[in-house]
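In what follows, structures are represented as structure tokens.
Shared between the two complexes below is chain A, which has chain B as its partner in the first and chain C in the second.
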Partner chain A sequence: MKNIPILFCLLGVWLSAQEQPDAREIVNQMTRLLNPASSRSTMTQTIQTSSGQQRTLEFDMYTADSGRSVLLRYNRPTSVKGQTFLMLNNAEDIWTYFPRTRRVRKLASSSKNQKVQGSDFNFSDFSSSDMWESDYTVHLVGDSVIHKDRCWKIEARETPSNDNDYPRIVLFVRQTDYSPLLMWYFNRDGRHEKTMTFNHIETIDGIPTAKAMHMRNELEFSETSMEVIDIDYHWTPPPGFFSERNLKK
Partner chain B sequence: MNPASKRCLVGLTLLSLVSAQVDWFGYLESEWDRLAMNAREYNFGYLKYRLDMESRPTDRVLVAANVNFQQYLGETTWNLLDFLPGPIWKPELQPSTLPDSLWVTEYPFTYHDTLYLDNAYLRVNFNHLDVTLGKQPVSLGTGYAWNPVDIFNYKNPVDPTYEQTGIQALRLDVPLTDRGGLTAILTPAGGWDSATKYIQWKSGIGSFDFTLNWSQYEGVYRWWDYVLYAGLAPTTTRYRAVGGTLVGELFGVGVWTEVWRKTQAAFDKKEFWEAVAGADYTFSNGWYVLNEVYRNEQGALPEAVTLYDYLFYFNGSTHSLMQTYDFFYTFYPVGDFVNAGIFALANLDDHSALVSPQIEWNLYENGTLTLWYSTSLGKADTEFGWQGDGWRLRLRTYF
Partner chain C sequence: MRKKILTHIAEFTSQSPWWMLGIILVITIGFALLAERLEFSTSITNLMPQDDPMVKEFDRIMEEYAGAASMMVVAEGDPETLPVFANTVAPRIMDQKQYVKKVDYKLPRDYYDHHALMLMKSSDLDNTGDLFTDPNLTGFLTHLNDSFEKEYIQSDEKISGQEQEEGVLRLLDGIQSFTDILTAAVDAPRPGQGEAAAEAVLVGDEYYRSWDREMLIMQILPDFSWLDVDKDVAATDTIEAIVKAAAEQTGVQAGLTGIIPLSRDETMSVMNDSWTYTIVAILLIFLLFILSFRMIISPFLSILALILGIIWAMGLSWILVGKLNLMTSMMGVVLAGLGIDFSIHIIASYTEMRQRGEDVAAALRFTLAKTGQGIITGGLTTAAAFLTMVISNNSGMKEFGLVLGTGIIMTMVAALVVLPTLLVLRERLLGRAGRKDRPARDVSYRRLGQTADTLARYWRWGLAGSILITLFMAWRAGQITMDYNYLNMEPVGLESVKLQNHMIDKLNLSSDYSFITAPTLEEAYDLTRRAKKMSTAGMVRSIADFLPPESEQRRRSRRVEEIRAAMEQAQVRKDFSAGEYQTLVREIDRLEMNIIEIQDMAVLGGQDKVYLKTGLLVGVVPEEEDTTLQHLQRELSAKMPDITRGKLSVLREKMDALTPAQKENLLSFQQEFAPAFQSKVLAMANPEPLTIASLPESIRNQFVGKSGKDFLITVFPKNNVWELRFLKHLSQDLEQLSPRATGMPPVFYRLMGYIAVDGRRSSLLAVLLIFLLLIVDFGSWRKALLALSPLLVGMIWMVGTMELVGYQLTLLNIMALPLIIGIGIDDGVHIVHRYNVEGNDAHRGVFASTGRAILLTSLTTMIGFGSFRYAAYRGMGSMGMALFIGVGTCFVATVWLIPVLMGWWQRRNGSGAQGGNPDQS
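This part shows the complex of A and B:
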């Protein structure tokens, strides 16, 4: 009889372990949330440099195949108006179109980790990816509270197949709906390089959507904010939409 | 502008005005240049105003046009002979067999202020066909500094990304897959035989895109022996050409190549090969490196280069003066919206080069400022070696 409390404790621990999804499952749910089947959105991007200069850009973004195909077309300012990027296969293949010369240029994948239009976002940030699945092992390292929301704190460490610049990423995922609220990116020197926050989360067409995202470079002290002006998850791409033909339209 | 072009422009403008809202935009560009050469200094530049209009009466139709006004500043009348190495032109124009009084000492040309219709075209997208008609930008090939397969434009390797003036053409694009299709370009001429016909088939395999290209067009025939000795004017000849392009990546390095073989349809049916191959890479800190090697069999050999080879090159009849070149370009983002770079253009035949450090600064959302300095290396009678030092400042403001 004296072993009964121990059994109850073990049962309690086992049950609580069953309630807590494992890190991989959390990350998979988060990835599904971030990458709906397809979408069409208009966004603004405001870049604030360390010296206080500011640039505001507006673009239309179209995604399909759960974010594996992305087309990004700039509307303003005039200096980049019409400039378009087509990213396929999780930004492994990138084409850029310059309207004044009508030239299409294929970019090497070495450029996918480069800043887009001087912002703190790079090409791979715009494309969803299988990177959480293939490039990182994930571990649940605890719970946290961010803005009164209970979050899972997950640490992602690179696998040998990782080709992006961050060997370690720490994520905070809201427990109520798997929305990511915060991500810390650590570079190869082990330094905390970037912080990404997801704000103003609203449910649109049943999908929790961060209407504002903010990326801060902790080493260069630059910041980029992205705001969703309009988003449509019911949009489906017409045949041939993610093609060089449409890049030039 | 000829009357037909004027009618076309008026028609397009009226069509766009009545059928949809017109989007007006453009830029103002100002450039100042300073060149020190042959113990002389030249100061010159221009003010360019480009006004674009675009209208989309329906989702399937685009009407676009732009006019450029360019006003030249400073030195506007030039002596062509100042820009050629003396040993190249003196034997032709100042032969020792003639008295000094009969020597040619100058070949002047003047830049006049211009207002011209740069582009004016209509594009209609059908389900399985895109039709573009009018004066339009045409850009072919994968190379950065040179595009052998692009017979419509002649890039300046010193400023290879600068926009080119439009080409009067009918262009048909038939998409066959998401990554490619068939393109046919026809430029008008006096007759079908003298019209330029161009066909390109594009496709992709893995991370590579490739094209196969064919063309028949008229070009200037290199007839200099006859010009020189029999007093004939350069004549045109029809060329048939085939080639292809390839672009992709190997181990993260961007690679591309273009090959073009053209054959004269008449005379001695001589063949010329032209090819370019390049690679680029972007390091994780943003440092970008590009190198391109170019070979043009239609260029002159260094031991046999003549005044007429220079003229042949200057009038755009060939993509290079000599045969083998290397282009190297690198830049690094040194600060907020500032790139510092350097390019080198080397003539591997006569061992001369042009080296140019440059800074590009995105001053504000719609403004860029670029500063170049260039210096030359090589012997005094080489393509680049005789050139002096130069500065260029370019400011562009979009609206």
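This part shows the complex of A and C:
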């Protein structure tokens, strides 16, 4: 009789362990959340210039095919109003349009993993990515609390055949809704190079949406912030919207 | 034993003061002669352990390579005048053979003229090689546009790295010159324009200049090590005079920066400072003395005793260390602040005894026998705290501990020997003069005594209050932030610092670079390649820039041969067809568009210098919203009449409406440009293999060791190395790159590591040693703990107060923490000693008398350190203010905590406020 409470406790622990989803499932849920079918948003991005000043850029971002197609058009500052980037096939193909010269240029395919001008984000950060599925094995390493939210702590390690900039990434995913709250990127030297945080998460059209994202380069002390001013998940792209021809329109 | 010696000194002094004075004078003359030999050095490596491999490697590089240490001339002015200044001043500086090995201010033109294409990367040759295959104006512009579109637009990150950004700026600068010449040639043709244009696009500016060409830098390679401070000062003074004279003659602004002028400026500033604040501190202490003791002669005698003590200490320092370093240079003022304390205790006790009616001999006996014991304990604990630093690895702290520890003992001995002698002589002289000494007035601080008594009586409240305050202060102390920028420690307004910052701002170039040596050429290539990948490296310079690896040379050689063959076969056109005029117009239009696109990318990427440079060429879109761009546009508007139209825009408009005469001019230009371009490219397209032997001497001296078997790689940091977080990453990167990495930044970082480790070790040892000394002195661990408690609490209050008043921790004021251990212990020691003499319930008497003495000693020490506040060298100021606060909080903690704890112990022994002894509890 004395052992009954202990047995109940053990049963509880076992049941709760059974309820814990596996790391792959958590990461897949998170990827789905980050890549809705289509969206239209207005965002700001703050970069640091080579003179050490903060410059805020505003752009409209359109996504479709669960983030595989992305169009990014700058509204501010005046100097680059209308400059547009089109990323297709998970940013494998990138074009840019310059309104002052009315010319479209295709960027080198290697640009995908390069920084978007002046920021600490890569082009691939803007598009949907199957990298979690194809490039990394993931493991649940424990629980953690970030800003009072209980999170799964997941470690993603590069699969042997890959050559990513970050062979190790640690993710903290909120247990209540699969929103990522924090990501640590470790470079090939094993050093913590970048930290990405997702803040001000609001549920918009039923989708938890981080209205502020912050990328900090821990080695270069540069920081880039992005804020969502407005987002619409019901937007449907008109035919031919994500095409090179549409860039000039 | 101690009491016996002190009593003997008192008796001998009161009986034979003239003899004593004679002995003192002989000793002082001896030490003064030794003190005169003391030298002074501000070198940072002098603070490091001299057997540290990083320091050894640094010193070796200084000896081996011409380009290791530097002095930079930074000139600003009209772009046309700056080369005149450079060519005027360079030979004059070179004449200073005793200091200067070489002045480097131009590209090694001859080498570039004959090997430029072999120095281009294979990938660049593939992408842009066509640029060198057609010498005609239309062909050149077409290829230029093609290469622009391949190189900088199709690959997005091409302008984002610093090295790439510099490359783009250099290319744009060549286009700017080309545009200027072509625009002038269209309207007013002159001979030489075609050749100048060809040179502009193929070689570019041969001087090291900023994007707007309004800043020019020249590197002076000295013939001495910057560790030789005397030469730093002499060479900087001499060269600065030459530079200023040439600047005035040519109408530009110019000055010196780099490690050597900075070392001179710091040396002069610290030396000037240390004299100024030593004198100010002594005057203020003298004034305080007069006000508190209401007498003039005795304070004067105290100061005299103190000065003799400092002379003794300096003489001993010469025997022990030979020269003062950056840290020990402030020994004079530290000893003035601390050494005067001994005199205050002696004067306080002596005047008190005289006031009680004791004669001179009895008053002196009591003073030395009773107060002297406290003085010795206080002096020895302070000295012990400093002397624990002798275990340090870094020479700076080791010498600091040794010099200050022994210095404290010397000033203490001087106070115990010199001051009583002077007091006796004064009394004798007054007696002989037939004047009757006025009875000393009661100068005890009764209010302080009353306060202590009240605190002892209401010890519960006092204890609760002190715990609450300590908890609050500990919380605030935890909030204190660190100022990581070492340049904030430098004096304000130093020209060398200002020019350095200006240089970083305009050229993205810091003079504080790091070095790695490689024993083989292959390793030099490998290290260069890996260094370029470092996220903390802005630019890497090595032999690889001038001597590519053989395999790479073979690849390049093939391409260079192709280019050469193409150029040899190219026809120089003597005439332009109508179609060619149209092609020319179209290509200039296309060039403008390419540059506009580079500008747009630069706006998004934040590459401000590229934005400005492209602005000069193609103008900018007037910015309505973004303040950073508006600021840049204001900078542009000072350089161009209409910021929406650049030089290339003007040329394009001109080309759109060419008159027949202008077409003729253009043809003349083509006829001169094309052959010049062709012959220059043919000279540059030299596929001959490059070897160490073919390198010009200037390059060899810079990158190849004297033995010829060792190669230097220079890493220019991306950011300001005086920002300590960046410095940490840079140093870690360099350490990972090679164990031989050295240079000012990693040496400085390692020094900080030594200071941190040594500081922690010596602080712990100091507390332990002081505690043991106090146990031996008081014969009781409880009393030892009682004397120690105000120090421990005072240190928490100190950091908490610093945070409350808005101070940050700095590299220098963090050293105040171990220092305060030695300084702050004195108050508790003297009070507990006095309790031993007066009885454990004599709160009122102890604090009215010894409380007054420790108040005065604290105030004098605070004045000593507080005077640092006005030091031009702000690092000293930050440390002085930390110690100012620390001494104050230790005093307050002593006055508050000791009566409270004594009251508590009395209560625990059930003796109320009238008895009890901590030892019995």
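Note that the second predicted complex is superposed on the first by the 225 of 249 C-alpha atoms of A that agree within 3 Å, B and C clash if a C-alpha of one lies under 4 Å from a C-alpha of the other, contacts with A are read in each partner's own complex, and residues count from 1 in each chain.
To be clear about the criterion, a contact is a pair of C-beta atoms (placed from the backbone, for glycine too) under 8 Å apart; a residue touches a chain by one contact, two chains touch by 3 or more.
Given the structure is predicted, the values throughout are model-derived calculations rather than measurements.
Q: Which partner chains sit in contact with A:Glu244 here, chain B, chain C, both or neither? Use first/second/both/neither.
A: A:Glu244: touches chain B, not chain C.
Q: In the superposed arrangement, which partner chain does A:Arg103 touch: chain B (first), chain C (second), both, or neither?
A: both
Q: Can A:Pro77 be said to touch chain B (first), chain C (second), both, or neither?
A: A:Pro77 sits against chain B and chain C alike.
Q: After lining up the shared chain so the two structures overlap, which partner does A:Asp93 touch, if you call chain B first and chain C second: first, second, both or neither?
A: The answer is first: A:Asp93 touches chain B but not chain C.
Q: For A:Asp165, select first, second, both or neither according to whether it touches chain B, chain C, the two together, or no partner.
A: A:Asp165 contacts chain B only, not chain C.
Q: Which partner does A:Ser50 reach: the first (chain B), the second (chain C), both, or neither?
A: Both partners, chain B and chain C.
Q: Give me the intersection of chain A's contacts with chain B and its contacts with chain C, in residue numbers.
A: Common to the two interfaces on chain A: residues 49-51, 53, 55-56, 77-79, 100-101, 103, 105-108, 110-111, 114-115, 118.
Q: Which residues of chain B touch chain A in their complex?
A: Those in contact with chain A are residues 25, 27, 62, 125, 130, 136-139, 142, 161, 163-164, 173, 175, 177-181, 202, 207, 209, 247-249, 252-256, 280-284, 286, 333, 335-337, 362, 364-368, 398-399.
Q: Across the complex, what residues on chain C touch chain A?
A: Listed in rising order, the residues are 149, 153-157, 160, 165, 505, 508, 535-536, 593, 596-597, 600-601, 603-609, 620-626, 628-629, 631, 718-719, 723, 725-726, 729, 736.
Q: Can you name the residues of chain A that touch chain C in the complex?
A: On the chain A side, the touching residues are 47-51, 53-57, 74, 76-80, 83, 94, 96, 98, 100-101, 103, 105-108, 110-111, 114-118, 189, 193, 217, 219-221.
Q: Can you tell me which positions in chain A touch chain B when the two form their complex?
A: 49-51, 53, 55-56, 77-79, 81, 92-93, 100-103, 105-111, 113-115, 118, 163, 165, 222, 240, 242-245, 249
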